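Structure incoming, see below.
Every chain is named by a letter (A, B, C and D) in the order it is written, and numbering of its residues begins at 1.
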Amino acid sequence: MPAEIKGLNEECGVFGVFGADHASQLTYMGLHALQHRGQEGAGIVTSNHERLFQHRDRGLLSKVFADPAELDLLQGDRAIGHVRYGTAGRNSVENVQPFLFRFHDGDTALAHNGNLVNAVSLKRELEDEGAVFQSDSDTEILIHLIRHYIKEDGFIPALKKSLNRVKGGFAFLLLQKDRLIAALDPNGFRPLCIGQMDNGAYVVTSETCALDIVGAKFIRDVQPGELLIIDQDGLHEDHYTEDTQLAVCSMEYIYFARPDSIIHGVTVHTARKRMGKLLAQEHPIDGDIVIGVPNSSLSAASGYAEEIGLPYEMGLVKSQYVARTFIQPTQELRERSVQMKLAAVRGVVEGKRVIVVDDSIVRGTTSKQLIQMLRRAGAKEIHMVIASPPFKFPCFYGIDVSTRAELMAAHYSVEEMCQIIGADSLNFLSVPGLIKAIDMPDAGDAPYGGLTVAYFNGDYPTPLYDYEEGYRKSLSEQERKELI
Amino acid sequence: MPAEIKGLNEECGVFGVFGADHASQLTYMGLHALQHRGQEGAGIVTSNHERLFQHRDRGLLSKVFADPAELDLLQGDRAIGHVRYGTAGRNSVENVQPFLFRFHDGDTALAHNGNLVNAVSLKRELEDEGAVFQSDSDTEILIHLIRHYIKEDGFIPALKKSLNRVKGGFAFLLLQKDRLIAALDPNGFRPLCIGQMDNGAYVVTSETCALDIVGAKFIRDVQPGELLIIDQDGLHEDHYTEDTQLAVCSMEYIYFARPDSIIHGVTVHTARKRMGKLLAQEHPIDGDIVIGVPNSSLSAASGYAEEIGLPYEMGLVKSQYVARTFIQPTQELRERSVQMKLAAVRGVVEGKRVIVVDDSIVRGTTSKQLIQMLRRAGAKEIHMVIASPPFKFPCFYGIDVSTRAELMAAHYSVEEMCQIIGADSLNFLSVPGLIKAIDMPDAGDAPYGGLTVAYFNGDYPTPLYDYEEGYRKSLSEQERKELI
Amino acid sequence: MPAEIKGLNEECGVFGVFGADHASQLTYMGLHALQHRGQEGAGIVTSNHERLFQHRDRGLLSKVFADPAELDLLQGDRAIGHVRYGTAGRNSVENVQPFLFRFHDGDTALAHNGNLVNAVSLKRELEDEGAVFQSDSDTEILIHLIRHYIKEDGFIPALKKSLNRVKGGFAFLLLQKDRLIAALDPNGFRPLCIGQMDNGAYVVTSETCALDIVGAKFIRDVQPGELLIIDQDGLHEDHYTEDTQLAVCSMEYIYFARPDSIIHGVTVHTARKRMGKLLAQEHPIDGDIVIGVPNSSLSAASGYAEEIGLPYEMGLVKSQYVARTFIQPTQELRERSVQMKLAAVRGVVEGKRVIVVDDSIVRGTTSKQLIQMLRRAGAKEIHMVIASPPFKFPCFYGIDVSTRAELMAAHYSVEEMCQIIGADSLNFLSVPGLIKAIDMPDAGDAPYGGLTVAYFNGDYPTPLYDYEEGYRKSLSEQERKELI
Amino acid sequence: MPAEIKGLNEECGVFGVFGADHASQLTYMGLHALQHRGQEGAGIVTSNHERLFQHRDRGLLSKVFADPAELDLLQGDRAIGHVRYGTAGRNSVENVQPFLFRFHDGDTALAHNGNLVNAVSLKRELEDEGAVFQSDSDTEILIHLIRHYIKEDGFIPALKKSLNRVKGGFAFLLLQKDRLIAALDPNGFRPLCIGQMDNGAYVVTSETCALDIVGAKFIRDVQPGELLIIDQDGLHEDHYTEDTQLAVCSMEYIYFARPDSIIHGVTVHTARKRMGKLLAQEHPIDGDIVIGVPNSSLSAASGYAEEIGLPYEMGLVKSQYVARTFIQPTQELRERSVQMKLAAVRGVVEGKRVIVVDDSIVRGTTSKQLIQMLRRAGAKEIHMVIASPPFKFPCFYGIDVSTRAELMAAHYSVEEMCQIIGADSLNFLSVPGLIKAIDMPDAGDAPYGGLTVAYFNGDYPTPLYDYEEGYRKSLSEQERKELI
């Protein structure tokens, strides 16, 4: 079952704007800033008050909009866009968002970042009532729910009802010809923020870096359970539920978000640098130089170096010409791409005791390969320090790690991991260290400082619904005991 | 309203096979033989007993399957395919068939040739009940109807119910992992035939030329109201309605079908040659040579020449390198393509009294242009004879002429038409002449020899449903009187 | 050796215009009319008095200029264009013409239809003097020769000298910023004609059908040994040699040229129809119907039918969606394409004694396949009649048949051929019949009525130079005796 | 004249291997490591002892070899490859290297990094002797020279003679079926090194990072005036001239080479870090944080921070999804790409006195834009420090800056520059500081520590030949005086 369900997960980025000329161009720029969140597909839907226009395709944004005329065809001053990270085999254009649904009573476009944990059951229930799904994505469920309720309730009440039916992590953007709607799940798993341009146009998007690129001023983070409606009369703030509790995905801070983004008051680079500093406090290693694994670990590495007082050096060089490993869809591509993209700098590491800072260990393959690389380049000792705790439990809220099979830390102790990857030592940041490094001011009294740290301790903030059974089966005897 | 509805029409070709190795390759060949029925898109869905595989895209078959690997990926011994003729603006891949719908209780693929006259009302009704449509095509309605009825009835009864709800012209092919289903509308507007390969595999397709190309033996035409189910146990013959009456689209004989196809017992080339002969009997013109407009009028022209005893010459040459005019989506493309594709043969027509045989006059643009061409090439006199009656009334059953606005004969008398196109004389075959030329053996006592001749006399064999109002408005006072 | 040399051959089409707005668009239209002469590549070079602009690529014209903007970038009122028929393996863009050579003293573009028989020796000689060739084509030799002579002679004298050095069949077009130049080989193997547009602009091109498409009036055929220079002052007629004798490639009339083209006063369709009539006189067969192999044999078939008094029927249908067999580059493609493109019309041939008229037999594969097809469709008897003599000897002047290995008639008697292809009888037009059918008014006292008939009798009008040795070796004892 | 000549310049990367299985795959990997040296085109030529195989096209390596089958078609154990940086307008495939020249006496492939300063005169001289050039590139001149001398001298002597005729900066790789040849200009402007794989195969390439990626061990830098011939018998070391003097392009250290490459004994990252340190010594600025402009200035920035004792922060984030500014071909693209690729990190710079370290200022546009960006992000003060001297004089040896028109420092004083770009202060590293930072051990007594620093002081190590006149004209009265 987990294997089957796995395919549904996706990490993505969304961008919406209402009330600005060349909305398609702005959305293109916003999506460019979010490209790190998904490289498998991209799309934009705009509206000129009267009609909705769509263009989407597989591949990088620059490929999807290779012909600049495509942007010009997307008319209007309101738009939503999406970049998609999908898994192999289902990467057909039907699954690329925003989806555009045409109805005799008006069209609706939909873009989604997150993952629903009750998608399978909802889909079955809806199909039993006659629903015909056009994609493999769980995103589409929302529109079917809305259409189910719309006749008796009208659109907004139907939407609220529907948002209460879907469970898991979600940041939805909807575009209709006369409004832009944003909704965030009750835990705020995925980041979503709102900003405003000089002309008053509103922007809602996954990360603040997308506000910056279009010159929009940050207003605030969208809150769990919130429903924002933007139309000609401005911004209307509403809620579809009051039963909320902040549990932001800590992975956004650790490696997913861009370092210049600010999530719930915390600059991502700063959080990472603090992770490096706290890591140095928890695990001060005796070495000659500190190096980071480019690009996501450079902040943590400079923090580690600064804290421990060792030179921060460029011991690994990343080619600009391939994508990040984590996001490559197949194992074979992952392996080759490591070879092609990371190079050890002999002139820096030769004869040195090298402290390598990395953000996380998922499968362990990359770590093993870069340690081999550093040894071949003459490093005398290699000490890995990881600026997050061991990644032991899957994510069900929108990151593509939904089975334990591929998580190294789910199967090996730290000592075993150290041996497998071939390091001279291996140490991880603790969960309290992580929480302290992020130090989210919005946390209030939410557990774990307002973060989801279930990846490290198995304590999921919501029931797992359709995933529950498969997840339980994947646990060891010991883990099952501990988690109850 | 007619303008809005217009977009829904399509002429297409379908091909299905059950029980043959390399079903995708055979379907590719079958679709190649049907390519004249649609050049805007093509697709194939196959099944290997377990899963359904799909590939489809916009453009000619050779472009859609430019990479031969695509065919190999379509596994299994059963398949359906589709070539599509769509109109500009809606030519997105979502509208390319076969459609593939995935359900938790099994997948269904669907391909359709025809046009439903109650699509708009059905769609509205279904949407009101929560349906979400993924394409602009009326084809999709069938699957929504089926899913509406399936829970209480099971698939086949639900399908039968659904087939009784949709009105108009249709030849449907459905593929599920364990069966291939074919259904024809109660008037048999669109051709559909069944054949069998040497190994026993069944083939169902729009024209017999597609049977020939894969080496299948013709069994019989599918009959109005019939429902054929082909599975591991063979062919099961059934009906979803008994309320049927044969009214084959006469345009198939006049210009649409391939000359080597046999529809309801009549070889298309032979029918066309007889149209030419009867035309010569009805309108014997005094001239020096007889020429045809390539390619669809060559049979009629040779019939005219043979009957009247004049030399049959090649007075017009068609380039092999562009598609037929009728099927070009925009007016501008139509005009340019005429210039690029038809050339008068000066050495043949210079100084001659030329009798030009054409199959039909739709907008009149082509006729005008070819007469200009022949005059420039030195023809002394140009007499047009048309091997069908004046095309005055739209088709609502699957050919892309659903408004009267563009039909020359709807607005002008024959004399006026002659003057506008610049011919020295213009004559048409009569409706009785057409019926006599086709002389369908299957006709029984069906009106008009088992043909739809509404394009010429306005006598539609079915109510027009959603088109009724717009159609009525398009009629002149005089016509309205005559038709009542 | 023949195998090695084989690759150099090409049949092509050229088009040039001087003094007309949108010269690139006109050239595009002209090349479209010549597309049957080559489908492997296409290109256009234009000039706006100051610069030369080039666009070329592999594939059909419509693909090469798929982006209409490409035509707009080709500025100026003068242009030359080329469609190319090349053989597999060397089909890289470097070989696509027109070639554009940039020199500090001015640029020259070059397009060529034909084949040089002393290309290998000339190339070696030039390389020994330091020449660096950029393509595999023999076309490039001309420019190297010109550059060799230019310093002491100036351009036109150097060109004349060079034209006297190259041997074989050639129709060259050259474009410089201030003039368009055309040159034809001393035997006029390849057709080349000159026409004039209403505004006075001159057009030089391979076939008159390309004059017609741009609305240019035919002036005359370019004569053997002629050198035409067109500049601001008009048309300058010159010769580079007086040692000429007309020997037009008879294959142009038999199957290569378009039926509406007029070559040396003879309309190609008319010549073919007469070949059919003379064939009927030489070989009157007892049958029920006469059918032609579309498209190149339809004229001959109607002539045969008219002469013998039998019905001319459409017994074979050709798909519009694939290219002609002869021109497919590999054997495998040739075989598959026959299957995909020709279909027998069962309703026409079933139970009939069918007389099939074809233009020629090259490898015999096509004939064999179409006879099988007709038998499967129920033909009772199949009598092949060929509207040209047996094709026994290679062409060295520009058609891609330069080895005997692939010529069926080079290896088998007519009786053997009949048996191999599976016909009930097989007959060919005689060489005198062919000459009489074409009946070229320009022939004067040139041997064979001004035609090259070496393909049928081995009597080549020129020495074979680099091909001599290989050709000699390919002859049988008997043939060698006969030819001396 | 300068404008005309400008187009000839190119910065590129070359890679050659002899004696290793899958040479095409290795070359692909090597070129990937060199992709930063050119993104406009890429190509590979291989040989399998008998034939040479070529594939090349415009665009990034990953696009050119998008179809992995292309690599498989390039057979053999020896290969050369090239990545190209070309300027707009001439970016046609004819100019993409390696060039492959086919001769009756054997084929030669050629790849080149550098720029010849006497290309125009040599080309004219060769054309006057009959040469026909196929590209706009000056690279091709070498092969014409060789062919000019080859007949009387044989290949190697002809090559040596030719290498003495061409002037400027060049690193040539030549491939023939039985050998790989490398040659470096007499000043060693461009980097070129030689390495060896475990199986003994030799590799010659522009940077050591390309040795690392294929696992080859560094042997040594190729020396000025050297000619290396690698064949079945191993490596043969030779010289074509003894008149040499080391003058490595300092720009390679400053920004062009990859930080992990080692050029003449100096690791590029280390040199850059020392530039930053020396810059801090020369210009110690009072600030709160030090940031670098990613990616080429990060090493210098960390050196500056370390030396001055301020925190090194990530104040600017670079998107991974666009190419570096310097290398964009048009002004418009340059401007847009700056916006799309660099983002200021508000959380880092807000309210801070920021010291920004950049590697160089060419046009000044980028500096101006990033300062605006930092101000908008809330930086209190912005102090630019540049880790190289003011770039005042063009490069004629292979970097695409060959006119002074676009060099900001050629037209403005440092104070004026500071004002234009809007910084609070602006300071540059001195020439002696630069030389001291690089500190090349191979320099011997070569002037300027074995570097070319003409970009900063106008003291070119060679005569400028064809560029002399244009260059002189571009100087101000004052500069002319100073330089004499």
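FYI, contacts are C-beta pairs under 8 Å (C-beta built on N, C-alpha and C of every residue); 3 or more make two chains touch, one makes a residue touch a chain.
Going by UniProt, the chains are A, B, C, D = Amidophosphoribosyltransferase.
Everything quoted here is computed from the prediction, not taken from an experiment.
Q: Treat touching chains as neighbours and tell me the shortest step distance from chain A to chain D.
A: Shortest path length, in steps: 1.
Q: Quickly list, by label, the chains bordering both chain C and chain D.
A: Both chain C and chain D are touched by no common chain, going by the contact rule given at the top.
Q: What whole-Å value do you get for the distance between chain B and chain D if each is reduced to the mean of its CA atoms?
A: Whole-Å distance between the two chain centres: 62.
Q: Between chain A and chain B, what's the gap in Å when you average each chain's C-alpha atoms?
A: So the centroids are 50 Å from each other.
Q: Report the inter-chain centroid distance for chain B and chain C in whole angstrom, where each centroid is the mean of the CA atoms.
A: Using C-alpha averages as centres, the distance is 38 Å.
Q: Please set out, as single numbers or ranges, the residues of chain B touching at least two other chains.
A: Where chain B is concerned, no single residue meets two or more other chains.
Q: Mind listing each pair of touching chains for me?
A: Taking the chains two at a time, the touching pairs are A-B, A-D, B-C, C-D.
Q: Show me the residue ranges of chain C that touch chain B in the complex, using the header's touch definition.
A: 29, 32-33, 35-36, 60-62, 209, 212-213, 258-260, 262, 266-270, 273, 295, 298-299, 302, 306, 311-314, 317, 319-324, 339-340, 343-348, 377
Q: Give every residue of chain D touching chain C within the complex, in rising order.
A: 93-94, 101-105, 120, 123-124, 127-134, 136, 140, 143-144, 147-148, 150-151
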